[in-house]
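Handing you a structure now.
The chains carry the letters A, B, C, D, E and F, assigned in the order they are written, with residues numbered from 1 in each.
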């Protein structure tokens, strides 16, 4: 049962990521794409956790933590660029 | 003494570190440390060269792991020659830079030491990937040396240089990746053994990988059709840096020599002697084109750049012949061209600065300060570069000519001799333009920077080395020919590296 | 105390985070966590001129529960809207006047607003007196403002005076 | 008991992934940037949060209890609103027509 | 899986090379970034592909290649990533300086005067 | 003693060269000392030479190339050495009066001595390579001498031309020498000269011969290389007198004589040498008649006489050789004196143009007489030395063997050349000393200083002495020289001045008469003064050089068009070529097995592929491309995760973040979009190349990764825990097995920081876009980010500490530290950060490197190689035993360098300020 739900969950996240990718490519604005990339990262976290669960492995954990903690840096930097043109003022 | 083979890497690294810790404004301290390190390198390299003359290969197992598991350094005659050439060039170059450029370029001394570290590491390592790492060390340091304090056109040519070399490095990684994927090893000696044992059916992918390696090395050594970036970049570099760069093309030559004698050399079975058929015609063509470039060079720094290019091409001819004798001659020529090429760049800068308005242009006429001294120096350099007797260029070229087998002499001789003649014409006309003609408005007195002791001294030292190289041509040529013989029989190197045993005991 | 533990809450956070990371309660790591709990906030202090000072832990705890619950609701709400017809949405912006002045409080409020039903904080006015909020579905702006102010801002003002 | 827990785990995983999927669906489907913004911010909370909760529960059932996943949640809760906030700011900055008027009682140059 | 990865690498290479051959510095930088992804994947794959066999030793498993992926290429890639980053940084700064000095981001330092010869 | 003989001129050249310009007299004395001392030494060695044994000395120099300082004084060398030194002495004397105050006497004399030494070295060289060395030295030093008056265009051109032509010959000589060495197995003259038959029999002989002859012909100004010599007349007259009478041009014929035993004896030799000699003889003599410049006339005359000598050596009979040697001596004496006389005339009248000269016998009676005698010698008038050797020449010309055409041709040429010689000698005498004039000269000529005349006197006396009493004067010299060439084959010959009314004498008379008739005939028939003679050879040469330079320039510009695009495409194409060639002869075998694709991999693969292609499609809109490329990076990281490389995934992710930040920072100073590329063709071409490259890489990769591999990694895995002390094998490799790589890697990283620092510290750049208004403090993100910082520090430390056993390590940890700090920069601004975080980053980089370096050196103390890691368990109270691997300390170094390096880069990029004086783009 767990395995099935795991697979379904992973499938759902995978599908979600495909949708993110669609938005990433479609745009139309830069903010849309930034948002899409950000969401892609977030979904990746879940996917990593699920994969760790499935493989009963802890090696995915670090990547997940680091994305959770620092994944938004890309978003911030890109947004700041859009807002100000200069990311460090 | 046991740690001698690693000192050429660690010494400049230590110097760079100390320089980083000393505040930049204490320029005298910086100079002292830099020069001290360079002098130390000369001593170390000389000692290594003497040691290597017993014909053995000194293997240093970094981290005390067997060579194929860790990273091994190996010092044989070839490595020693390269180290010596580098340090002998570096010392005067640095001295030259202390004439003032080192103040203008931030981190100059640090970068200079890193560059040496990279060069020396590349000359010593017996590991294909470690070679990449040292390539990168020296390249990134060279970017810094080129770009620190740069503006305008120098930045632009720097951009091209950086982009070109990063591409080459990427290509190198592809090649190393493939080689690891095919042989499962990175240590050159180990790879060599595995390559030799490679079944014929699997040879083609390996040949492709080796081909990529060759492209990278030739891009570094500036072989046709990959040299086009060089003249402009070198001509735009700061003098001391350009002079040091004279050894950079030789690095490409070294790597071809090392890898394609060791791994894809005579004993490589299906892959034996892979590179030579490519190198001979391409080297010859490059030599011709470089000479034409020299003939047409509109400025003295470009002229110097083309001469350096031509010297690397000449080396490729020696490589393409691949006999012990030719390699020996080539290595002698390498020493010569490194030192004299460096001198040429330094001299070009002195000349440029001592003309009123025309700079280093060979098209415009101008007044030259310190005509006699500079003219004399140029004369010596030119005689040497053109391969005229009795200086080192002659010894190198003559030995190379003598090493060309009858079958190929019919086309190699005319090329070597013909290009020598063209270089002679180019240099004579440059000299006549610079030192014999005057024109234009003289600048007011004081507008021209005076000659600095460091700069003239450094140039003279390099020129003197060329003279000494000829004076002591006997032992030197004997040494390089022994090195050539060592290269065509790589089995000893392979055995030495693979047979080196980690020191047993308490570790880890 | 203030000198060595300028931000006790942060220290606690570091302590907990460390133990979570190493996933062990060995004495060595507990000690190390304690050392870090003192040391890291001090390092971070270099970049922070003001520290969050939280009061009323009870209020804070209650707020956390409320927010968590609202998050669940919010997700369901947003999911419903997303899956529904887009034309039925009436999105809109509202400037919410702020009474809270504490920076940390404002940040927390903005965060909470973003994570709760149908709202995303979008901009803080330069004078930090108004927060621009985007509503996925806005029917009554004043009611929305009132709800945010009572449900979140009021307790936050107690926590971050 | 075990079965119930297992069921709970499954529920958490499935619910979380469902929320995430819907959020991304919204991101793909909805018509303007501000509408799209709503979904993902929620997904990062409940979607990932549900999965993490499920994971922790499952690990506890396996006899290797771990609270480390909490860290991920903690960081996500801290960072997701910031991302949303900045994307919103970027959207406002990049398209002036989206921008509502200034706060009541202030000049238009806010 | 091997085929898919090879195709991905090939796509990265093709894209990278195409961008590398563009005339603007930033395009080249993008191209080199793609190429460095490609080369990292390539070196990595040269240790052969293995799913769920991280090169992290476990008392339960013998330290052999049957149980672990090849760690050596991974270490190489780590080094390569770092170096590529350093190089990218320098190239970026050079590109910016060149643009600033020559008022053009064309890699040849000036806007093309006539139509480029192919 | 030979070494000393050779060293003297060089040493004195150095000494004289260093004298200041005003020390004219000491310079002259010192310079004069060289030939005089040399002559003394030579005299001391004469007995040995005369006895036929010769003098030898050997000093090893470069044995590996067969080049030793082997000196060898036999008769031939002795004769030439005497010539070089003797005339050299006279030239020094002459020159010290000739040069005026504007000329630097020390420099001139130094060059002259250099040249003298080179000549001397060449003639006494006992080793062919050494001979070639000195040969080229004469070319070089003559370049300096000919171009001595370098303010004059003709001097510069003449010097360059002489250098190019004779230098080319020298290069050919090198080839010839090597071939001779190959044939005989040695470069030693003794060996080579004794191997004549062997050389002639060798298949390499024709090549060797042609190469050597090229050297001879260029140096001795033989047809068709003769044109450089007249232009070398731009040199000061002492130079001409020296180089073109006794030395430089004689080097060619000397070589011919020297190698005669080794090379002569074949038909090829005969036809080539005598043919070229005959042509030169005629061409030179004919042109001499029409020169207006005194020195020009003498130059062409020299060419002609050299042709004569060459012809004689070509004939190769022993008698011809003797005649050749004899003529070398005779020509040297009369020609040197004539040049000096011409110099005196030039000096006194200010012109050498015979059209303006005339009647000088009245004002310069003494010089005139001397010059007339010398001219008569040149014309071959009896009782003068020229007559004797010319008569020997006629004798030999009649005895030519070989083809009839050759026989008659040479005999005819001999008479004709004799006539021409008489004609130009007449012209020299007539136009200078007799008739009207001088005209249009601006000074009053009078006899030159006493000492300037002495050299001329000596030489003219020699002409007379030899001409009248050859047996008493020249016989022993000639005998010795002939022995040097011919060994024991020296024929019997008579040096008496009268051999009766034989054919040669009749030829002489005929020539004399014809010459006189010719001269006056020409004068009557055409306006001799109106003939303007232009050197076609020179024009051709100059045109060739100019054309070569032009073409070279064009070609170079064509190839190196300064376009990086071209350079890169060439590299890609080269790689493609070398990558594909191996498969032309063998197929790429896809033999192995593939693993099934896990479902998740499809996702990652899809994202990666789509985003990659999208990056290319969107690349011109840069920000967009950057965002899309973020997805590529994510896909690559995920691929690493999926394929069991957690460390890689982490690193890739973190590097990605920093890279994006850096790119955005730079994008602020770059255009937002790439300008469109005009050439569609180029884009298609590039696309094809790119696809080929991608396809090639992929195919090769696929072929390789589907086959089994036997890798060294199996041992590394096994050793990692027991000997490396860590269970994260990747990290153990990084800090231990291949720690040296890591040392280099962090050096690269640190240097990158320094380079960025160096490039940007003082840079002022105008941003591309600037949003008006003061920066938004971004209060909310700021607050969160600051809260995050200590937590991120904790994570960073955690990743660092566990790196040796689980994913992590110094590099990853360093970036985890740097990224949140970067965030602070973004949110708080550069100024704020610099106030609070003003680390001296370069110094931190230094510290990190120091730590890494010292960890490695630590193992030296224990007697182990650099970087041998030592793991020890340190007992700490309360905590128990803690592993303390030295690798860990090394990793701290990595950590510091990475953190400081990345922050330095980001900080510098962030801190760039706009230019002081605004100025819009």
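Methods note: contacts are C-beta pairs under 8 Å (C-beta built on N, C-alpha and C of every residue); 3 or more make two chains touch, one makes a residue touch a chain.
Bear in mind that the values here come from a model prediction, so they are computed numbers and not experimental data.
Engineer: What is the set of chains touching both subunit C and subunit D?
Structural biologist: A chain counts here if it touches both subunit C and subunit D, which gives F.
Engineer: Going by the contact rule set out at the top, which chains touch both subunit A and subunit B?
Structural biologist: The shared contacts of subunit A and subunit B, listed by label, come to E, F.
Engineer: Please state whether D-F or E-F has more C-beta contact pairs across its interface.
Structural biologist: Greater number of contacting C-beta pairs: E-F.
Engineer: If you average the Cα atoms of each chain, whose average lands nearest the overall Cα average?
Structural biologist: B
Engineer: Would you kindly say which chain has the C-alpha centre located farthest from the C-alpha centre of subunit A?
Structural biologist: For subunit A, the chain whose C-alpha mean is farthest off is F.
Engineer: Would you kindly tell me how far, in whole Å, the mean C-alpha position of subunit E lies from that of subunit C?
Structural biologist: Those two chain centres are 40 Å apart.
Engineer: Between subunit B and subunit F, what distance separates the C-alpha centroids? Give it in angstrom.
Structural biologist: Once rounded, the distance between the two centres reads 17 Å.
Engineer: Could you work out how far the Cα centre of subunit A sits from that of subunit F, in whole Å?
Structural biologist: 62
Engineer: Compute the distance, rounded to whole Å, between the mean C-alpha positions of subunit A and subunit D.
Structural biologist: 11
Engineer: Which residues of subunit A are in contact with two or more other chains?
Structural biologist: Subunit A, residues with two or more chain partners: 10-11, 17, 30, 34, 59, 65, 69, 76, 78, 80, 82-84.
Engineer: Residues of subunit E touching 2+ other chains?
Structural biologist: In subunit E, 20, 25, 28, 42, 45-47, 52, 54, 56, 72, 76, 79, 83, 86-88, 90, 94-95, 97, 107-109 touch at least two other chains.
Engineer: Where does subunit B touch two or more other chains at once, residue-wise?
Structural biologist: In subunit B, 129, 133, 136, 140, 143-144, 147, 150, 159-160, 163, 167, 174, 178, 180-181, 186 touch at least two other chains.
Engineer: If two chains touch, include that pair; go through all of them.
Structural biologist: Contacting pairs: A-D, A-E, A-F, B-E, B-F, C-D, C-F, D-F, E-F.
Engineer: Within their complex, state which residues of subunit D touch subunit C.
Structural biologist: Residues of subunit D touching subunit C: 18-19, 22-23, 25-26, 29-32, 34-35, 37-39, 41-42, 45-47, 49, 66-68, 70-71, 74, 77-78, 80-82, 84-85, 88-89, 91-92, 100, 102-104, 106, 110.
Engineer: Within their complex, state which residues of subunit F touch subunit B.
Structural biologist: 60-67, 129, 132-134, 136-137, 139-140, 143-144, 147, 150-151, 156, 159-160, 163-164, 167-168, 170-172, 174-175, 178, 181-182, 204, 545, 548-556, 559-560, 562, 564, 566-568, 570-571, 574-575, 577-583, 585-589, 697, 700-701, 703-705, 707, 709-713, 715-716, 719, 723-725, 736-741, 743-745, 747-748, 751-752, 754-755, 757-759, 761, 842-843, 845-847, 849-850, 853, 856-857, 859-860, 862-871, 885
Engineer: Name, in rising order, each residue of subunit E that touches subunit B in their complex.
Structural biologist: Listed in rising order, the residues are 20, 25, 28, 32, 35-36, 39, 42-43, 45-47, 72-73, 76, 79-80, 83-84, 86-88, 90-91, 94-95, 97-98, 101-102, 107-109.
Engineer: Note which residues of subunit D are touching subunit F in the complex, please.
Structural biologist: Interface residues on the subunit D side: 75, 78-79, 81-82, 85-86, 89, 93.
Engineer: So in the complex, the part of subunit C that touches subunit D is made up of which residues?
Structural biologist: 17, 20-21, 23, 71-72, 74-75, 78-79, 81-83, 86, 89, 91, 93, 95, 97, 110-115, 118, 120-123, 125-127, 129-130, 132, 134, 136
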